[in-house]
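Next come two complexes built around chain A: one with chain B, the other with chain C.
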Partner chain A sequence: MRENQGTSESRLLRGVHRTLTGLHPALESLLAALVGMAVGAILMRIWGYNPWKAYAALFRGAYGSAFGRASSLARGVPLVFTAMTFAICMRAGMFNIGAEGQVFLGAAAAITVAFFHLPPGLHLIVGLVFAMIAGAAWSIGPALLKVTRGVHEVISTIMFNWIARFLVFFLVVNVLVDPRRAEKTLSIPVSARFPVLVSRTDLSYSIFLAIAFALVIYFVLWHTVVGYEIRAAGLNPTAARYGGINSKRTILLSFILGGIGAGLAGASIVMGQPPTYAMFSGLPMITNTGFDGMAVAMVGRNHPIGILVAAVFFGGLTAGGRTMQIFASTPLEVVRVVTGVIVITMAIPELLRIFPRIKGELVKILALIRKLHQKRASQSEESP
Partner chain B sequence: MDISQIGSILIITLHAMVPICLTAVGEIIGETAGLFNIGLEGILLTSAFTGVLGAKAGGAVVGLLVGMGTGAIISLIFSVINTYWKGNQMITGIGINLFALGFVAFGLIVLGSPGFHPVPPEGRLVAIRTPWGRLSPIIFVTLIVPFVAHWFLNRTRAGLILKATGESPEAADVAGIRVNLVRLLATTFGGILAGLAGAYISVSWIGSVTKQISAGRGFISLATVVFSGLNPLLALLGAFVFGLFESIAIWIRNLPAARMIPWQFVAMIPYVVTLLVVSGAIGRVRFPKSLGKPYIRE
Partner chain C sequence: MKRILTLLAVVLLGISLVGMIGLGNGKVALVLDVGGRGDLSFNDMGFWGAARAAEDFGLEVVDVSSATPADYLPNIQATSASGEYDLIIGVGFLLGDAMNAVAPNYPDQKYAAIDVDTFTANQPNIMNLVFKEEQMSALVGALGAMAAAHHGYRYVGAVLGMEIPVLFHFEAGYRFGMDWGLQKYMEHEGLAEKPEVGLLSVYTGSFDNIALGKSTTEAQLAQGAIAVYNVAGPLGIGDLEAITEYHLNARTETGPPYYFGVDANQDWMGFGMHTLASGMKLVDVAVYKAIESVVNGTFVGGSNVFELSNGGVKISKAKDLLDSIEAGLKGKRIEYADQYTIIENWAENRNTVPAWIWEAVDELEAAILDGSIVVPTANTTGEINAIRDKYPLL
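Our next item is the complex of A and B:
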């Protein structure tokens, strides 16, 4: 009743409340990031590193200079694509952890443009198309196994990741190899490279492709029938089936869309990251792009806009991890520990409510300990 | 092929079977109670590393115990999040795997040898000598564990309670069973077995730890669980089959006639076989009704 009167005060309160609930997911992501960094700090302390110095070097390296900011964005570019791979399938109710292998194949497919000549621009587009086809093709396997045989996508995508890894190991040293340098593949020719956006950094125009891809996926998911069906299948599969949605088609489509994204991630690394524009044996530049993307997707709440923001954060962690390694001599592997803890924390629903509960439990335990102490104290007073 | 070759293939098979069998049987216990732990890969990797730390400090047995403790701690965190806090089991598992990748890579650097760290000879578990090679004593433990688990699940009251919490947590709750506690204990037990498996890989079998020593075995174990349909005896059989293919892959790699085949394709064999086995197994398998869902009392 009173709310209907709509006094200016209550309207203001409601407005504040709505803003706070709107910010809720962002606050939870922030809290998870803090928990992750705290655990990382504890581990550094235990193993004899100075966490303050390390994090200071990390953030100064990531965001403290124009060069750092550019390279943070550059590291974020492939993560946007792989995060979309995970997020699309999450929206459809599946856990696609196959981005890793699809990135490998996308990068290998993009390298094949080094075998022929085309005019600049067209050459780049052909490379991107190759990468998209390779990524999508590698994602069809797990999708078909799920649709036809009911194989859980977590198991099948991981197996496809390992097979892709060995396949690309083979391709790198036997097919795509640079005849003059056996440890790397042929380099992408200049006509098929993304132009550098900020000179003397590794940030290239591939960042615009990443933003465009995120916006396209946003449009597909929220403004097309296909996207509606994907989201409906994810929210309530039974209801979606009764509503006439073909679940097999949504599974295939979301896997293929994700595969296209992962393929582009591979292409954006080899075609858009100076200075080598090639793959090396052992795939050091490419490994873990798919797995880090899952963390980006979770912190970004599986939403394209959230993912863009989260990619800047994780790109910063990766770029800053290198400066941390150099200036605070702390191994950059710490960053992956932090990432893992962030993901674990993000698995807890209503994170913000659990913290007061833990605090409540702690207060109870402390009160119990105090009571025990008092009891013991009074006993020891009585006994002598 | 003569008898000594068959003998050595058999020995490699048995060694490769151990981690998959132990992890799969542990996961069967956990899945029977209703929790689906895809963080097993991370548990194997982390405990392989901490097992080496333990073995260096106090010998092989301490190493195995430290590995089991590591598995217990990680799966305790996993199960608290996914029972009392109603978390998402898949995401927690993915997070554990990512954490393990970073933790072990970091730890190897702290030990001063990025990528590879050997177990000192006095820290290796003493092996039994046979004419075809050394045999780890853990193999005999592994041959017993599935039978004990089978007896426990089907012949004891506790086993029935476990099945009830996985099949119908509401009914179990009404019957006075503490669903979340049962699930927590089951998953923690599974984690201890996975921890033993991880420490076995480094301390007893391979004798060193690398950044990727688990090599997908956690996920192959999950595939074995699917193949077994939550029957520990079939998990033993499945693990033996996977071990056989792993040792065949090693054998092919050393064949002079197979020099033509690139090693990368031989290395794919265990993963391809896993896909084939899993896609063939599903359809006849029935899992607990509430597998993967948190229990929320109404």
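Our next item is the complex of A and C:
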């Protein structure tokens, strides 16, 4: 049965993937990574750091020890969720960059479990449900704006991100605040935390939730009617509408699924990351989770399985970046440049593939702005 | 053949022994929070202290910055697990949770924690290095309030970072000092009541967003603040930039609005033109002492308090400017040709505040030193709210 459903689909995918280099996607990514590392090495050479030593420290830190491996996986967990947020909407033909704001809301909602007692396990599940609801609720705004008023999701999600940021900042400082330590919120009680999977590391059982979520999304997108409709709308909206697919429904659904993922990302950070299990004022712990997730989605070709692999890789870069400082004395700024270069080169294949679509979106947004300008100009001519 | 091999082995052993001695006396890891290096304040001071100790004792220093708070635990864990370091220093309150979580697992590893006292005090392998920031902040606050009253400004400003106990020390002292300064001004001028000078204070929630420091300062200047006290390490660079631009727009070179530096002596920054004084907190001395104690074998866990009486905190004076210029020349932060300009500008800027105000600040300093005035402090929200109620400074 799987064979039947798989063949046409996988043939199409393979066709798309091979347009660029004619290579298998995994090989292509490996090649991109090597190119990125080479560029990073040249940069380090120029700035006077030893690239061999630095990369040795990177791999040692990321995958060379049990602690490193656990740490790499732990860094990847929240990124799986936010990458899924981006990927689902990408599959549905939309640029949802609202994960950032939805993560804030999800984390804040998860923190609220600190206000009441429940038996262990149930407490955790309640927190996760809160986070999912909060993330999904925050994603409904841009979705409804798009469906009812035709507001472009890039613009609305950017706005919603800022609203979420300041709303949650306010909540952290004034409502969820720990009365004994004003710089942070209440900590998630032990009964609602993900237990630590590998002791003395920050890897918790939240990793299984991330894997499960990716698999569920894979199943939904490729093995259900709804998923077929989402993907069809993404590949060709006009054809999909002609084929009787309710585009409004697919937009709403993909946004909500994405919002659930982003909410879980927030929960996985505050409920599954030792030692504090709380949010800090200024939200430094969760800032950029949404945006990093976009990079992971790009590297992972917007495919759930690819994203799982990419998240492990991305987590490894973060964890290994730390040890580059410790074992190779490479300053953090250089580490960030090098890992950034590697990520960008790895995202290039997917970026090129979706470039025509990006270009189309840009043209649309520019036209919108021009129209606004014209409108304002004609108004100001009339009014005085 | 056998003899040659033996000889070779002895030589190799000899070389390796010499090599081990040549490696120096040990290694120190300096773990920084998200503020990171380059703030010319708190974080850099930690590094300067460690670098000075490394030079004096022949040690190696590795500084580890944290990109996000999620790095705190892994950074301390990785440095602890490597077992290579004689001392791991956490520079900043925010690392306290992580250090508290890791330290019990490595009872033989020595740690030093800057600014962390309230919740790790009973860990035998952590040396807590804490400061009475309220004392020098009171002096800065008194200076600011009197200068504001003198120049007819409505407010004194403060740009703070996150709501951590350490910053509550600053705020409590600043409020107390302002109140004291206004009282003093009233008495000196023979007024019937205290002049109307309020406090503008903003907790930005950030220790690394320099742009936020700038925009917050701009807002406070627009509301009529005579000075902005930087209580957020790196943000001060943005604070000073805003003040410098304000002067450029107003075409003034000295006088209000002023900048109050923090932790390090920041009087020299911006060619010494706008910093009236710095509330100094000698993080470098604390770090140096911690490393020294490990080298001498006198390391003990527990609290070490740095205050006005032991020179751990102070308000900057001429001697401190000269010291910071000397260090700046050595560290290539200051050009040789600029040092006299800096001193000239600094003196000129200080002269825009009358001498009696400077004497009053000295008077408050003396009173704190002899114990006749005890500056209040706060660690929790409840305590700082009580102080806000007592010194509302609206």
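For this structure, a couple of remarks:
Here is the rule we use: the second predicted complex is superposed on the first by the 275 of 384 C-alpha atoms of A that agree within 3 Å, B and C clash if a C-alpha of one lies under 4 Å from a C-alpha of the other, contacts with A are read in each partner's own complex, and residues count from 1 in each chain.
One rule holds for everything that comes next: a residue touches a chain if its C-beta (ideal position, glycine included) is under 8 Å from a C-beta of that chain, and two chains touch if they have at least 3 such contacts.
What you see is a predicted model, and the numbers here were worked out from it, not measured in a lab.
When the two complexes are overlaid on their common chain A, residue A:Q273 makes contact with chain C while staying clear of chain B. Residue contacts after overlaying the shared chain place A:I326 against chain C, while chain B stays out of touching range. Legend: residue contacts after superposition of the two complexes on their common chain; A:L197 is shown touching neither chain B nor chain C. Judged by the touch definition given at the top, the superposed model places A:E183 against chain C, while chain B stays out of reach. In the superposition on chain A, A:A26 makes contact with neither chain B nor chain C. Of the two partner chains placed by superposition, only chain C is touched by A:L283; chain B is not. When the two complexes are overlaid on their common chain A, residue A:F169 makes contact with chain B and with chain C alike.
In the superposed model, A:W47 makes contact with chain B only, not with chain C.
In the superposition on chain A, A:A295 makes contact with chain B only, not with chain C.
Overlap of the chain B and chain C interfaces on chain A comprises residues 169, 288, 331, 336.
Those residues of chain C that touch chain A in the complex are listed here as 29, 34, 36-37, 62-71, 73-75, 77-79, 81-82, 93-94, 97-98, 100-102, 105, 161-165, 168, 203-208, 380-382, 384. Put simply, chain A touches chain C in their complex at residues 61, 67, 71, 75, 169, 173, 177, 179-183, 200-202, 269, 273-276, 280-285, 287-288, 318-319, 321-323, 325-327, 329, 331-332, 336. Residues 43, 47-48, 95, 97, 145, 149-152, 154-156, 158-160, 162-163, 166-167, 169-170, 174, 288, 291, 294-295, 298, 331, 333-349, 354 of chain A touch chain B in their complex.
The touching residues of chain B, counted against chain A in their complex, run 38, 41-42, 77, 81-82, 85-92, 94-103, 105-107, 109-110, 215-216, 219, 222-223, 226, 262, 264-265, 267-268, 271-272, 274-275, 278-280, 282-283.
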